[in-house]
Amino acid sequence: MLLEIKSLDSGYGFLQVLWDISLSVDEGEFVALIGPNGAGKSTTLKTISGLLPPQGGEILFAGDSIGGMEGHLVCRKGVAFISEELNLFVNMTVKENLEMGAFTVEDSAKQKENLEFVYELFPRLYERENQYAGTLSGGERKMMAIGRGIMSSPRLMLVDEPSLGLAPMLTNEVFKSLRTLNKRGTTILLVEQNVGKTLKTSSRAYILEKGKIVLDGKSADLANDDHVRKIYLGH
Amino acid sequence: MASAAIEPTIDESAIDKVEQTIENTFVQKVVRWVFSAAGITICLTILIAIVASIHKGPYILVNTIITGGMWALMAIGLSLLFSVMNIAGFAHGEYFMAGSLTAYFVMQPIGKYTLDHPESFITYVGPLIAILAGTFMCAILGVITERLVFKQLRIRNREGWLLNCFLITIGLSVIMQNGHQLIFGADFKGILAYWDFPSVPILGVYISMDRVCAFFIAALTMVGFYMFMMFSTAGKTIRAVSQDEEGARMVGISVDAVHIMTFALSCGLAGLAGASLLFMFPSYPTVGVMPLYNSWFIIILVGFGNVAGSIPGGFMIALFQVLTRSYFGEGWEAVIPVLLISLILIFKPSGIFATKVRTVWDQ
Amino acid sequence: MRTKRFLLVAIATFFLISFVAMNAGAEKVLKVGLMGPFTGPAAQSGNSIKNSLLMKLEEAGNKVGDYKLEIIFIDSQSDPAKATGAYVEAIERKGMQVGLGGWHSSVAMAVVDQAMKYKVPHMGGMGAAETITDKIKSDPSYKGYWFKFWSYPALETAIYFDFLNWAAENTKWKPAKKVAALCAEETDWGRDWNKAAKANLKENGWEIAMEDYTQIGQTDFYPLLSKYKSAGVPLVTITNTAAASVSAYIKQMREVGLKALPIVDGLGWVGNWYELTGRSSDGIIDKNVIFTPRSAPYQKKFEKLYKFKPAASAGGISYDAAGMFLKVLNRTLEKHGKLDSESIHEVMLSEMIPGKLTYGYDDGAIMMKEYKFTEEMYPDPVTDANHWFMPVIQYKGGKANIIYPREIAEMEVMLPK
Amino acid sequence: MASEHEYYVQKKGIAKFLDYLCLTPLGAIGFLILIIVPLFPPFNQDYLLRWFILAAIMGAGSMAFDFSAGYIAVVNFGFAAFVGLGAYTSAITAVRWGIPLPVAMLCGALASALLGLFTGAISLRMRGMFAICLTWFIGIALMGLAIKMVWLTRGMLGLQVPYFFPSDVSNLYYWYPVLGLSLMTWFILKRIARSHMGLAFKAIGQNMDAAKTSGINPTRYRIINFTVSCALAGWVGAFYAHFIGILTPDFLHTAKTVEFLVIAYIGGRGTLWGGFAVAFPFIWFTEMLRSNFDYLPGINLLIYGLILIVIMIFYAGGMAQFFQYLVDKYKDNPTVRWLTT
């Protein structure tokens, strides 16, 4: 088990958002976390990545407890988080952003390899290597953020709403790259609102509603589940 | 920190084309810069400096360049503190004071030694040692303040951070001023000169060796600072934190360590300014007030958190002050430049080189 | 819990601090208030004043007859409002009966009202501005409650111009045009000084090219001096109470290469002026009280006790003021058999102001031949060569030398070509 | 004094009158104590009265300061200059034209109000630090002008200001007017804060954008707030001038603003009464320190700075927050509830 969450509570100050969440992700899996707006999907990812301290429960990553650990230490453990707001360094060039992504990687050969892989995955970024991240378009920003995540050679990648605000064509491209990444051996935990596409891409999924996990199972099974079909797929 | 909103996707290739045609040649780039707000003000400043120098004498230009550099150093530190940690420092003048105090105590024995051995190489190197000592002392002081005060606040209360920090720095300034007085007394602790050589004539204006050296120290530091920020990993992490703290955490940067580094750097720069200007500002408890005001004028003029803008800003403030002194008389430099900055603020409410990154300054 | 503890600690500190030092003695005491700017920008002068006064009183064993002198410090903080508060508190709470010392004129202007209101005689203040004299003269009820130990600029600056006239006639110094540039600090003192200097200069056929007032604590005079240089003025004057400013002015004057004759009024107001200016002070003209051989023991003792050089003006004069004060106390005790505000005031009124009670070299004065007050001059001391007197001096090699009046001159005058 | 928890009960008699004055019974008792205390030893000594008066002035000033800092979140960092402008205007009109002092004080308030109006108007487009700095710069410029305009202000020479009362009377003569002045400042500010305008202020202070979208015109309210705050500052300053008897440009210095600010923040921002209540012990405490440790000059300021830092780190809400905590703890006790509503 690469990531294991046991009865996690989390939230912002007095406002508790997550109630007793338990989920697990295996090495090499592509797991999705879906649910309506405000269900606590992003909060889950933030808590795992250490940006938000948990209020209870346990988070185990590769057997070590990472609950309450600071964000940068979680990252050093091998967890990359691509947030909804992307959190790019807008006044740095694309290349510098990617280099910052590899901040935790000490081996320069490995850095170079990662960079080449990112450019291979997103040739557009290579074209804009020396452009400021702030001047990129929406789709490019997404690629930039994912690329930056890849740079740290993570074992687990948490991706938050990659399709938000993107044209369908670009969304497909992003999903495709995530799949490539997964095939290359990176475990992915994806949060999405585009349930149809997500269930097609992922191997397993959890459904989160009002801060609680209501359903989980193989993606293909869930796609045929009545509840899911009615609420998320609209048929 | 709020990052820029995600733009809706429109036809991206069209924008690319337009951008490419605009950014074609270097000359066109320069022309575009000249007609930007920053370009206009900088060109205008240079023009005014030249005209006034022809009218009143070259001392205006020389004076602007020489004092501007040091104010710019102070302002860079202040600006850095703001853009990385969102601390609007009011105690920066006190680090200036601490720098000059340390340099004074280091320079005392060195001065005595060189008096007996005027030919020794210490005559040339000694002052540099004093200045470096001042810088390091302030860097250490900065780290101590960060750990003892701001770290504590960050752990406990992040609400109203900007204002609370502002008030805390006011308190720090009061403490350091009076601490200096209690421990070292209120007398003026000054030196005669760092490098006691005859003045150098530049453009018909005589300038002491100390001033020339102070200018070169400022210039070198600025270049060094730029290199550090642009090309070193440490500098890049500082920039990363200033642009997006969450993002920095996500890529594994220890924000805590960056805060320490920033404080050390920022206070070190103030200490450097204080130490290198000791020949002009003897150390006493309230010596930092004027430099503090000047650096505040600068960062307000160029826009909060605009670190690079502090450099032209420093020269602009220096020019403002020289001009007011020359044309209105002594004492007015406290009034007219301030009114002018206020006027600029009315038309450019976030400074001339308004920053592209929106930080949380308006909370 | 945290809140409770916080409250407890706060209350405890509060009471602890407020009840410290609230004792009163049963023996015969006279409570003497020492005023000066012990904190703030003029603290260096303030400490010179404080230490000198203390030294003189301690030399007398802090005793007059069977009265013990109890010292109360009043920190004027260079702020008239705060000084007034502290002064009143010293009178009301600590029972101060008589006051000594002082530095700023604006403080003196405010405090003199309190001295009068509470009938506490005060002497030895060095706030010199003419406005104080005018104020005290305007209302007889102030009489005898305030004695200045430094006379106002109009009385003092004349000697510079006597010297200039003498120099023009007797030396090779012949300015091409009689133009002067005046610079003073932006305070009551500076304004008064420039006013007096201007009147004197005009009377002697000089033109005023420029008149500038600099901020307190300003240390960058490059633009100003460059301006003077390009205007080619043969005479520049500056007066400034802040040592930092005055030393910066002198150093930068040398750097710029200004060839004018420099009158720097007040370089000697801090003891360590030579450490601040070095060789660049050579040739500077000043008018100041200077340490005579008579004051050597005082200087030595002061430096040993307080680890810095006393200033002739703030320190030396205060030392004498304390001496005169002791003399007044002794006389009061002799005459009335007791020491309190009323009897001291009576002696001041009946013996000091008419000039019967004076303090001079014979009594142990170290700075002036004689400190004397008269009905006409009160509250200022009598100013002439035999009483309160400041010669024109010129600095050379770290020493102040009298150059005018010529009868007592110690050195040939050095003048620019 | 008035707690922020309003219990909506029908009030009768004295309670109704107090409510009109915006005083809670506790507040009224506090004021009564302040009225009576200086008549009895040991508080009837002139020096203690002087502290009381200074504290009341500082307290009233900090209320005016808090009105813009605590409500619309614009820290007027040039506050002392507005206080000083009132003081100078009052003194100059009184000296030049022999206007009776109460009228001169009104002139002072008017001058500050006008400058406040102007400042409020030009700082509109600015936010946070920039607005703070603009007010600060105006303060610096005013102080510079006070230094340079010697023909009017006598600059550093110090302007002699006529006293309210002959110089040989007890400070008690000043105490009651200043108490009345503070009560009036409180009344004016609290009435405004209670009206719908006060709500708008709070909305603007908390979230300018949200306020805009809910139909509040920030321009208008910000100007009104600033004008009122500055007018009262000028009014307090004018009284100060006629009490102290001398004015120097240092009166307009930023350090003076810091004094008001520290008191207002230790008291608790956004409460108005906090600053006033804290001013008395605070001024007393720092003066005690200064006079008991006079061999350590500056120790009072050092501790002053320490208190500020400690309060900001541990109790950003100031004493008012602590008071509220106590009230909430005992809110079931009927006496406490009656006293604080």
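Note that the chains are named A, B, C and D in the order they appear, and that numbering of residues resets to 1 at the start of each chain.
Operating definition for what follows: contacts are C-beta pairs under 8 Å (C-beta built on N, C-alpha and C of every residue); 3 or more make two chains touch, one makes a residue touch a chain.
Please read all numbers here as calculations on a predicted model, not as lab measurements.
Participant: Hey, which chain is the most central one here, using CA centres?
Facilitator: Answer for the innermost chain: B.
Participant: List the centre-to-centre spacing of chain A and chain C in whole Å, with centres computed as mean CA coordinates.
Facilitator: Centres of chain A and chain C (C-alpha means) sit 75 Å apart.
Participant: Whole-Å distance, chain C centre to chain D centre, using C-alpha means?
Facilitator: Here the centre of chain D sits 37 Å away from the centre of chain C.
Participant: Centre to centre, by mean C-alpha position, how many angstrom separate chain A and chain D?
Facilitator: Those two chain centres are 53 Å apart.
Participant: Which positions in chain B are in touch with at least two other chains?
Facilitator: Answer for chain B, listing residues that touch two or more other chains: 178, 181, 331, 334.
Participant: When you check chain D against every other chain, which residues touch at least two of them?
Facilitator: Answer for chain D, listing residues that touch two or more other chains: 147-148, 297-298, 301, 314.
Participant: Can you list every residue of chain C that touches 2 or more other chains, as numbers and ranges?
Facilitator: 39, 43, 186, 213, 215
Participant: Of all possible chain pairs, which ones touch?
Facilitator: A-B, B-C, B-D, C-D
Participant: In the complex formed with chain B, which residues of chain C make contact?
Facilitator: Those residues of chain C that touch chain B are 39-41, 43-44, 46-47, 183, 186, 210, 212-215, 217-220, 222-224, 226-227, 230, 243-244, 247-248, 251-252, 254-257, 270, 272, 275-278, 308.
Participant: Would you mind writing out the residues of chain D in touch with chain C in their complex?
Facilitator: 45-48, 50-51, 54, 147-148, 150, 155-158, 160, 167-168, 244-246, 248, 250-251, 281, 284-285, 287-292, 294-295, 297-298, 301, 314-315, 322, 325
Participant: Within the complex, which stretch of chain D touches chain B?
Facilitator: Of all residues in chain D, those touching chain B are 75, 122, 125-130, 132-134, 136-138, 140-141, 143-145, 147-148, 208, 258, 261-262, 265, 296-299, 301-302, 304-309, 312-314, 316.
Participant: For the complex, which residues does chain B have touching chain C?
Facilitator: It is residues 56-57, 59-60, 63, 67, 178, 181, 185-188, 190, 192-193, 199, 205-208, 211, 279-282, 284-287, 289-290, 322, 325-326, 329-331, 333-334 of chain B that touch chain C.
Participant: Provide the residue numbers of chain B that touch chain D in the complex, in ascending order.
Facilitator: Result: residues 88, 149, 152-153, 156-157, 159-160, 162-164, 166-168, 170-175, 177-179, 181-182, 293, 296, 300, 304, 331-332, 334-335, 338-339, 341-342, 345-346, 349-351, 361-363 of chain B touch chain D.
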